[in-house]
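Paired with chain B in one complex and with chain C in the other, chain A is shared by the two complexes that follow.
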Partner chain A sequence: MSNKTLQLYRQLIRESKKFKSYNFKEYSIRRVSLGFRENKNVKNSEELDKLYKSAEENLQMLKRQTLINSMYAHNKLVVEQ
Partner chain B sequence: MYNSSRYLVKSMRSFVSHSSKNNCIVNNRSVNNIGSFRNFATLATPNVTAKEETVEKPQEKKPIYLDMQATTPIDPRVLDAMLPLYTESYGNPHSKTHDYGWTSNELVEAAREQVAKVIGADPKEIIFTSGATESNNLAIKGVARFYRDKKKHIVTTVTEHKCVLDSCRHLETEGFKVTYIPVKENGLIDLKVLEDAITPETSIVSVMMVNNEIGIIQPMKEIGKICKAKGVFFHTDAAQAVGKIPIDVNEMNIDLLSISGHKIYGPKGVGGLYVRRRPRVRLDPIITGGGQERGLRSGTLPSTLAVGFGKACEIARLEMDHDKKWVKFLYDRLLKGIQENVPQVKINGDLDARYFGNLNVSFSFVEGESLLMAIKDVACSSGSACTSSSLEPSYVLRSLGLEEDMAHSSIRFGIGRFTTIDEIDFTINLLTKHVQRLRDMSPLWEMVQEGIDLKTIEWDQEH
Partner chain C sequence: MLRSLSKVLNSNMFRPTTSMNGYLYRNYGSDARLGDKEITDRVIEIVSNYDKVLGKTVSPSTTFKELGLDSLDAADVLVAVEEDFGIEIPDEEADRISSLKETIDFIKKTPTAK
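Up next is the complex of A and B:
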């Protein structure tokens, strides 16, 4: 993983953790790491660019949605600490 | 808020004795509930009101959600696609004279394409409706009424959703004949019975793709083939199927297909109906007016909902493999956990031909509703949400040939994209504890433990 990609990965995970909703948080973390794992062997630079771009869009989406999610946060679920 | 409470206070004055502006601070809750207003107004003194407002309840933890067949949470990605339409792009998608309209129209048409793609259809064949109930009504009543002069017969199954059964019942009062095909013990229909039920009079066959209560998948391809050979239209209620199992309307020979937005992590209040264009399926519209949606469903499109629905379809299509794997993984875990820890359970519906996000289990000798109360930290239901207010056992389970007591003791667990491993393990633990506890209280369970066959017992009361 290049430095740039690693940084993006970390940002996505950090942002995912900001979800107040337990289910969204868990899914987001799971989905982000799965996405990076699945594509770790992609070498084609065109495809890499595409992946990178979509990950950046997702990062922006996460920034907006985690904020909205936190504004309407509910009580925690019974499975949460 | 102020205005509305003043209005209420005034209008209630005739039967509330001491209501003045000071001691009758109407909070949000009582504004919505006129019925409880009287109580509130007579009891409320300034002190009590102040106390009520300041004392906060201790943070109670919320139950986990395992009722994905009833509805699903909105995916944040869907909400993200919808918000621009709730803020800036508010144009009427049918306005052809200005930029606001054009923008809205473009967004809606893009959504239509996303919906079409998930079922392998052409965007022109998708009609936006208010949900799967409307789609089912439009499909069945629409086709039946349009072809009523020549064909007056409808074929459907006994395990359909209420909105299909009720549409059919409605048509019966209009003089149509309806055949309700029974299902086998595993919930699937017998194709031979279906074939025999179709007559030259039949205009439409309606069979749901994935059952909402037991999750079984009907053999769409085979039914489609029969319908094509017999020359009748094939409608399917795919509210529980779209985005969860692969669908191709051409491969399956489907002529009409109903979709719901809120079952696929989209918004409530929107759905779609696929209507085949070649060969053309003609419908008598239920809602007439401005002629939107090819004249089949007039009324301004809820552009925001349509866009959310489209986005939900797109995510479902792209994430189908991930979701399927995850849901199957959790299903296996839940099933194994229940089977290992709770004796005497029965899984309802076929074990293989099913969507694995649905697990319907009967816990013998336990009353379903009391189990639901006992495991109130898990939000699930004993059947469909539409009938959850009645204590009648599910008609779907009864039609599988289940005894009344088994139908009464069933619980439906819905697993979805956002369900976690911890939630499944939590559910297994809770079930293990409470099923045993409830059975220990049951005299029937005691008798079974002593080796008495319950069927041989002669009960005093006839019923």
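Up next is the complex of A and C:
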């Protein structure tokens, strides 16, 4: 996997960890890591470009959502305590 | 809870360098950096708690590949290390790190690690 892709992956995981609510956080970490693993054998450069673009868009979306998420108070779930 | 408590107790910040009138305090400007052993222990703990590593023996000289981790798994481990030490590993460094020893060395030269 190219360094560029790994950098994007790290950014996505870091951003996902910023969610304050447990469910959002766990879902996005799981979704990011599964998504990258699902497509790890893709060789077609056209398809890779498409995937890279959609991951970038998702990163922007995650940034917006973690920010919004942090503006609201959250009680910890029982599993987090 | 217990883990965070032991972290506080282990951290150099509370290790007294001077004692006066029975009070323990740390001088301003004295080195608050983490000790080598503590860094090694914590990195080993993080790595051995990663799903795919559970049950394998982890030593400071192991590489991620030897533990059966691919590049994505290694990225997961590095982000977990970043979170635990409260630092961010820059991309150029993170691309180069492929073993526990390199991870530990990077944290050693990062003064903000806690």
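One rule holds in what follows: the second predicted complex is superposed on the first by the 80 of 81 C-alpha atoms of A that agree within 3 Å, B and C clash if a C-alpha of one lies under 4 Å from a C-alpha of the other, contacts with A are read in each partner's own complex, and residues count from 1 in each chain.
One rule holds for everything that comes next: a contact is a pair of C-beta atoms (placed from the backbone, for glycine too) under 8 Å apart; a residue touches a chain by one contact, two chains touch by 3 or more.
Predicted, not measured: the structure shown is a model, and the values here were computed from it.
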- Query: Touch check for A:74: first (chain B), second (chain C), both, or neither?
  - Reply: first
- Message: Which chain, chain B or chain C, ends up touching more residues of chain A in the combined arrangement?
- Response: B
- Message: With both complexes superposed on chain A, which partner does A:7 reach: first (chain B), second (chain C), both or neither?
- Response: second
- In the overlay, answer first, second, both or neither for which of chain B and chain C A:17 touches. second
- Task: Could you tell me if A:64 is touching chain B, chain C, both of them or neither one (first, second, both, neither)?
- Result: first
- Touching A:27 in the superposition: chain B (first), chain C (second), both, neither? first
- A:36 contacts which: chain B (first), chain C (second), both, neither? second
- Query: Can you list the chain A residues touching chain B in their complex?
  - Reply: 19, 21-24, 26-28, 31, 34, 61-62, 64-65, 68-69, 74-80
- Query: Once bound in the complex, which stretches of chain B touch chain A?
  - Reply: 59-65, 73, 76-77, 79-80, 83, 322, 377, 417-420, 422-423, 426
- Query: What residues of chain C sit close enough to touch chain A in their complex?
  - Reply: 70-72, 75-76, 78-79, 82-83, 88, 91, 94-95
- Any idea which chain A residues touch chain C in the complex? 1, 3, 6-7, 9-10, 13-14, 17, 33, 36-37, 40
